[in-house]
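In order of appearance the chains are A, B and C, and numbering begins at 1 in each one.
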Amino acid sequence: MTSANPPHDAGRAGLGRFAQRHPGLVGMPLFLLLFLAVTVAIHPSYSSFDAQSLAMGAMPLALAAAAQTVVVISGGIDLSVGSMIAVTNVLAAATMEHANFGQAVLLSVLVLAIGAAMGAANGLIVVYSRVPDVVVTLTTGFIWSGVALLILEKPGGGAPDRFLSLGAGTFATPWISGALILLIASVAIIWIPVQRSRLGLLLYAIGSDKAAAFRSGVNVERTRFLAYVLGGLFSAVGGIGLIMTTGIGSPLAGVYYTLSGLAAAVLGGVSLSGGRGGMVGPVVAAYVLTLIPTDLIFLNIDPNFGQVIQGTLIVLVVMAGGLVALLRARKR
Amino acid sequence: MSAPEILLAVNGLAKRFGAVVALRDASLELRAGEVQALMGANGAGKSTLVKILTGVFGADGGEITIRGRACRFRSPAEARDAGLVSVYQDPALVPDLTVAQNLRLARAPLDAARQWLTELGIADPDVGAFVRDLPFQTLRLIDLARALASDPSILLIDEITASLPADLSARIFAIVRHWRERGRGVIFISHRMAEVSVLCDRATVLRDGVTVGATETARGSEERIVELMLGYEVARAAADTAPTPGQPYGDAVPALEVNHLRAGRLLQDVSFALHPGEVLGIAALDGQGQEELFDCIAGVRDRDGGEIHSHGALRRFRHPADAIRAGIVLVPANRLQAMLPQRSIRENVALPSYGPLSRWGPIAMRRERGRVENAIRRLQVDTRAESELRRLSGGNQQKVMIARWLASAFKILLCFDPTRGIDIGTKRQIYALLRELAAAGSAVLLFTSELPEIRLACDRVIVLFGGRVVREMSAAEADEATLLRAAHGLVARREDAA
Amino acid sequence: MNAPAQSIRPHGPSAISLGSRFGAMLRRHTIGALILLLLAFVAGIEVARPGTVTPIWISNILLFAAPLGILAAGQTLVMLAGGIDLSVASVATASAYLMATHSSQGGSAAVLWGLGVGLLVGAVNGLGIAVLRVQPLVMTLGTGLMTEGTLIVYSQKLMASAPRVPSFIQSLGSGKVLGGVPIDLFAWIPLGFLVLIGLPRTGLGRLIYAVGDNREACELAGVRVWQVLFADYIMCGLFAAVAGLVIVGGTNAADMSLADVYLLPSVAAAIIGGTSIFGGRGGYAGSVVGALILTVLNSLLTLLDAPEPIRQILYGAIILLLAAAYTRLTD
């Protein structure tokens, strides 16, 4: 949690420097492998079906984490991610229920646009109201979840089967599910071009030091705004992913995805003070967080412990990070 | 030969922040091929002027023209596009990006920047290194190289030579001259009169947000500039402070005794004794271990070796609170480190008294008011105790930081460069206060980066070089040339050989 | 949460107009401005539904405002020190639930169980934030999840002794005496008074402001910052626990999402009341008025008879507007 992987490294050193600069790329995947190994050990009949349900369960959370990650890298925070997922999710569920596949695809484009628009609203309010981002997004999250309830009073709606099978189906082997492919594809399609472009540089720059970035000629406000737009877009993908994996719209999904998405971002090595972190860590962390309750079921433990463990994990990871920093400071 | 083109003209610029007027009527004119000094006491409005010129703030009134064309910049990017780039005291580099990324951020070409870095003495810059891992001095040079690489027609340099070693300053001067020869304009902000008279063609002087004059900077003009900066009477009064001769201490128990102190990379082996009633000066170039020395004595960090005694007892401080309990207090270099900007002067001054757990209870408000007002009166902080500290000028803020310790009892005062970036009038007041404290029996350890001023305040001086004491002398011997030579380690080696 | 060192927004030309003079007046008397706003809301209600504003209505507003006011006291304390506590809602719920499930052990034991939760979570928050320097947002998010999760597990293990809210807690949360004075004011007023007086007039209060304004300066001045923050988060946890007791006394049913709706208002009351989320500036008087404004607003929305989602949207939008207006005014 102490190093970064901004884009375009002119890095020229060995594996050590790589690991140090990209903790998300090394630490979290290793951790996931360890978890998977433990899972297979305690549950030797781990099957492709289990792998598929893991991918389906983790996908919306991974996208919530991705949404949070973009905003946090830019030095902000978005506590409305879950509510935006809920809005886009119920919007898709309400409109697609009686649609055919083609219409459903078109509708999802519309839903993506609405997600980006909600993100844009967050961004505009944060930039122009000068109210701290925590307060703005805590409040807009409250508003968006009202909107979600307005669209769909209780869980319901649906989408054409063929559309749902994009997420629930499998490709090539039963081990590779649509949810996994969709997750990787959507994150890659949105994030890689951003990261490669000047915008990626600007996001990291304003997250690291707004004043220095401004004096270096960066349009800080526009960049902050765009970070929130990207957050809204990722949330919308998450909302569509949620209907693909559950088949219905859930207006009350908000709180879970906001908190767990933030947790995954933090566990994935994104520094809440901005400017540091990457996309791989948070996405993989979402898988770990999804795997925990599953493992508890395999161990015959109350899966409600999942939330306890999730909370404990966050607390322990950040406290360990603090402890390391403290010891290092003592030693210096 | 026709008169050189006027690159930049500023006319009647005004700017207020809430109730504080930062600029009232600032004007200046910069010709092509000219290096112009922008001078003024603290709070005169230099920084505000620079920030308006580079688009950090908008102005409330007045106009800026570049090559005769009226401009109004809304951001540093717009100023840069118009050919106006500035280099600040604190480099505008983003810590979590690499050097190369920082260059791209400001759209500065990498090759040109590399070339300028080479000229500044960084032959093979590691542009893949993160800015946060690089030393502060290097960052200043990178910031300068980045500004030069975008090839501005007007370069603004704000206090860049402060605490840079002499050879680097010389390199920077060479580049500034080169810029002049190419027919560009440079605005140079500095507190150092010597630099200004060597480097600059003219000086524009600001006082209280108003341009009070522009003058040639030929030799002998220093007095004139000081008068402009301070107003005539203040300048006269400031020149009156005379050094006080030191007195012998014999076998008295020192207030502070440091033996073979070692900490971090820089502080190797320092020993000295400081007596009650004495002001001991420390002279050193940047990074000779003086920061570690002060931090160890004040309990900000732990030492790696050696001993600290105060009033005859061996001490080990794990927290500034331990040092304060032993009567040792620190005024740090950067007042931003020590002040509570949003709180009142009263709360700032009273802060140390609430540290101990036993003082968390109800406050005796009347007694506190008395103590605070006494302290700020003694320092002539010219404002009411209720005002927020951030609304005060830098000099007044620094006075409050000292007043904080006057209001609580102390025996040993550590002052780390207390006058950095402060105008001459306040400086003299602070030195006079240090003398007064010593006369009343306190011991004072003073580091200052401005060598000529050591004689004004100190009884005795030790010079640090490479983390060791290389020279000790009385204030009478401590003229600038001797100090400077010792600070470069020259004297010590000659003495060793002898 | 990192505040830029200075406002980097370019400042436009400012005219000294009537508007800005009014603004300056409001800046000097922010509490006055807030009270005016509160009265305006009350007047709005009376205009929209004449005859609504009666002594009974006022007494009900105070009754409902008290738990929010107590929660906001803790939130204000941590925000002044530059933090935030997202675990207050979970702590309040857990406190209420534990109290209710231990009611068979007698009233004071039950209350102690509730307060114990606040103390424990507050101490864990304090440990992480004060000692290990974890960002408050993440730390309290994590402890909130932990508390809530533990509570769910606990509630399922505990089918036998169903939660029961003791009668004295019921009267604390919903009772009135002396012809309409809500009993919960007898919890709120002394606690509120302590915070109101304690912040400017005790050493700890001064240190809370100081730590929020500049942590490093406090260390240099000999303040052991961790002690201040530790005490601060423990106080916040205790306030949340007390608020949970008052809330459950009002609803008379301890369920798992009892206090969730109070999280946003607890932060919003402090923000509207002028406490900076970056620390060092503000006070509890503003939060009290903020809590009253939010309660009146809730009552207004209830009167409008709008469906729940619409109410939620309006409530959020108005909070945002108030926060924005306030930020503009005092910037």
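As a convention for this text, contacts are C-beta pairs under 8 Å (C-beta built on N, C-alpha and C of every residue); 3 or more make two chains touch, one makes a residue touch a chain.
Fair warning: this is a prediction, and the values are worked out from it, not measured in the lab.
Among the other chains, B has the CA centre that is most remote from the centre of subunit C.
Across the assembly, the chain pair joined by the most C-beta contact pairs is A-C.
Taking each chain's centre as the mean of its C-alpha atoms, subunit A lies 29 Å from subunit C. Subunit B and subunit C, compared by their mean Cα positions, are separated by 43 Å.
Touching of two or more other chains is recorded for residues 8 of subunit C. Each of the following residues of subunit B touches two or more other chains: 56, 75.
The set of subunit A residues that touch two or more partner chains comprises 211, 214. On the side of subunit A, the complex with subunit C involves touching residues 75, 77, 125, 129-136, 138-140, 142-143, 145-150, 210-211, 214, 220-221, 255, 259, 262-263, 266, 272-274, 302, 304-315, 318-319, 321-323, 325-326.
Every residue of subunit C that touches subunit B in the complex is listed here, in rising order: 8, 10-14, 201-204, 206-207, 209-210, 213-214, 216-224, 227, 231, 276, 280-281.
Taken together, the subunit A residues at the contact with subunit B in this complex read 4, 6, 8-12, 198, 201-202, 204-205, 207-209, 211-219, 275-276, 330, 332. Residue ranges on subunit B touching subunit A, taken from their complex, read 54, 56, 75-77, 80, 88, 91-98, 100-102, 104-107, 127-128, 130, 264, 301-302.
Residues 1-2, 4-6, 8-9, 84, 124, 127-128, 131-135, 137-139, 141-150, 152-153, 156, 260, 263-264, 267-268, 271, 277-278, 307-313, 315-317, 319-320, 323-324, 327-328, 331 of subunit C are the ones touching subunit A in the complex.
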